[in-house]
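Here chain A shows up in two complexes: once beside chain B, once beside chain C.
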Partner chain A sequence: MRLSEYDNIVIAGMAAAVPSQKISVETYYEDFGQDTVQKFSEMAGVKEVVRAKDQQTASDLGYEAAVHLLETNDIDRKDIGILIFVSQKPDYRSPATAFVLQKRLDLNAGVLCMDINLACSGFVYGLQTAHALLNSSNKKYALLITADTSNKTLSREDRTMIMLFGDSGSATLLEKTDVQNHKSQFGLRTNGQKFKSIITPAGAFRNMHLKNITEEWSDGIRRSDYNTHMKGMDVFGFSITDVPLLMKDFLAHTNTSPEDYDVFALHQANLYILKQLSRKIKIPIDKIPISIDLYGNNSSNAIPLLLCQHFAGTEQPNLRTFICGFGAGLSWACGAINIDPKKILPILITDAYYQDGL
Partner chain B sequence: MTTLEQLVKIFADTFQVSTEQITDGFSSETVDNWDSVTQLSLVTTVEDTFDIMLDTDDILDFKSFSKAKEIIAKYGINP
Partner chain C sequence: MKDQFFEKLREILEAEDKEISLDDKFRDYEEWDSLANLSLIATIDDEYGVVIPNDEFKKIETVGALIQAIETRMASL
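Our next item is the complex of A and B:
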């Protein structure tokens, strides 16, 4: 496990944005059969997901969350020294979408901008990276934007994924402080041997010339090489073996136990996996908030979306929060952070998109 | 309904087939729509019906009717 720790950086704000379009699982009764859909819904815990409009990109959702956050926090934007955009759905093949966001957010030239191509582990990886870069810079703030529109590469006939994934964006503002009592800790693992477990084979440069033809794959589901494919049982096995192992190792390395945390903000992969993690780590189920029922699996935004849904506007004191994300890569990570509910904004609903003029 | 009949019905309902089709040869290798959705639906229905919680290895091994009978027997549910 790669471990890192910081004591002078605080989460100064967090916002999340979702599109207005809601798709209920009942929509799929005709395609997949009512019984199959109901069993899926009961197992995965999904009742409906949010889905971006055609023109709305991941960065549009992340941008709206960032504007919501920056307008609420009255800070000087020239003090932002780092902008990280975590997504698997960039605006263009090049340049990185962080540059588009820098322009739209009107950040000055003294900002380090970069994209990180990660999915469900992306918030924790992004947060760790933002901590490291901010800690070693002369700037006061880092802005982490996570956003994904997973649905845009899913086959409409893939019942293992199409009912599960939602689209959204988030923005998190980190602030360097003089007071060294804001301990943030992170533990990360990676297994590139399993890179094919969740993959979109075409659309980049390895398989440039594949035709976009939908046909039946060996699992009986019709999709094209431009659709994302997940080896469901492999990923499920990873989620209930490697992930709890990391969580246990992290608790041991940080000399903490579930009693030391107020909240376990876990990636909303599916409800059955959350129940398995609760059981294996012995986390009381009431410490694990749920958002998958209303929003689905939201890739790198799952954790901030969850925190915004459950804690925005609440009067609770600081929450010692255990975070854990896991998915494509394979990649998995956990962390211990402090969340001040007063800094968490309510979820923004938006269909706004950027007309770039191209 | 016997335990065996209950298990057969769970398989038949999950895969949308008649109970006559549920034999020991019914497995992820022979059934077209056996995927993560059906396997996890199967496991959760079995857990709820028989009030058991399967271990990780058993969840992942739950890939045929004959294996299912073997696995639930470990939890004191004898088909």
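Our next item is the complex of A and C:
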């Protein structure tokens, strides 16, 4: 398998931001029926999700997390050489949102800025990319911002998705060190054959002729081509076959076993899938923290949000952490990183948005 | 395996006394919905240790054909 390793980069800080609006699954009793909602909630493990207001974009949430992180740690912004924004909900079709964030964060011209369009695998891919770019640069810090407002393209009638997804942002600061004992490892996979498994067909440049009309699709759910559509069975099958296979391969290639990790910070796709991964990889369930119950599936932010929820302010020593994200692409990725709970901030709640954002 | 599978199917459909036969087209059951579909894939994985890819699963119409597909996959493990 393709494996990347680094030994001189440490996670110097992590923060996450969520909007204040919480939507309970019970909200949907009337629309979808109490029985259907309760069955969904039991299987997916979702009790409520966080949802951004109309004006608040993904970058607003990522920005707030980043400011929270940089100010708390008193980071000199001149030392940041890389800014990566991972999202499927950019501010504009162009330019990349990383430029908007560079302006708002007041980073200097020497910073490499770019967006990565990824969803649930995005944190691991972004982390690997940030490691690679920082490793080959003369700068001290890389700032990885992941943020998504998945709800903005969901049909309100799509019971398979609307009760599941949350909106949030995160910021992770990577620091290059002289001490070479911070082993980070990443293994990534992709299956573009399945690019239609999770797709928003219109809104970019392939299907510009499509009208924004809501109608019933073959699965009986009303949505438009501007809504995100997930082939649930495709993605579910992928999650309980390809994902555990990668996890096993990663453990084999890194010559590690579940006992070597303190925490398995796994993408919060669905509680059932987390239980399956626990069973298949033989991970004790108490090593798999859960955030899907209170926040839903938060795309690329699921892993940092989970870490902030469970480890901020704790006195635990350094945690050897197994991370795994999987989703749209199809794209899936594992990593082994060190997390110092003292560097993790509590979740910030914010409804702030960019007044000058046009 | 047949009787055990019928029992699992009844649990998924939440219909404990339901008459089930090998020729039934399971998607025509009145209790069938997307959650039942998900539960069925999950139950097959739990009970028999195999996952039928969705492209293949979509072509399977009857309970008997589904059992056959599970057995074929189990034999190739």
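Just so it is clear, the second predicted complex is superposed on the first by the 357 of 358 C-alpha atoms of A that agree within 3 Å, B and C clash if a C-alpha of one lies under 4 Å from a C-alpha of the other, contacts with A are read in each partner's own complex, and residues count from 1 in each chain.
What we mean here is this: a contact is a pair of C-beta atoms (placed from the backbone, for glycine too) under 8 Å apart; a residue touches a chain by one contact, two chains touch by 3 or more.
Quick caveat: nothing in here was measured; it's all calculated off a predicted structure.
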item	value
Which superposed partner A:R77 touches (first chain B, second chain C, both, neither)	neither
Partner chain(s) touched by A:K196 [first = chain B, second = chain C, both, neither]	neither
Partner chain in contact with A:K103 - chain B first, chain C second, else both or neither	neither
Contacts of A:K282 with chain B and chain C, given as first, second, both or neither	neither
Which of chain B and chain C A:R156 touches, first, second, both or neither	neither
Which superposed partner A:H253 touches (first chain B, second chain C, both, neither)	neither
Which of chain B and chain C A:D219 touches, first, second, both or neither	both
Dominant contact partner of chain A by residue count, chain C or chain B	B
Contact residues of chain A, present in both the chain B and the chain C interface	36, 39-40, 43, 160, 219, 232-233, 236-237, 240-241, 272, 276
In the complex, chain A residues that touch chain B	33, 35-36, 39-40, 42-44, 159-160, 219-221, 230, 232-233, 235-237, 240-241, 270, 272, 276, 279
For the chain B and chain A complex, residues of the former touching the latter	13-14, 16, 32-33, 35-41, 44-45, 53, 56, 59-60
For the chain C and chain A complex, residues of the former touching the latter	33-35, 37-39, 41-42, 45, 51-54, 57-58
Chain A residues touching chain C - in the complex, by the definition given at the top	36, 39-40, 43, 160, 219, 231-234, 236-237, 240-241, 272, 276
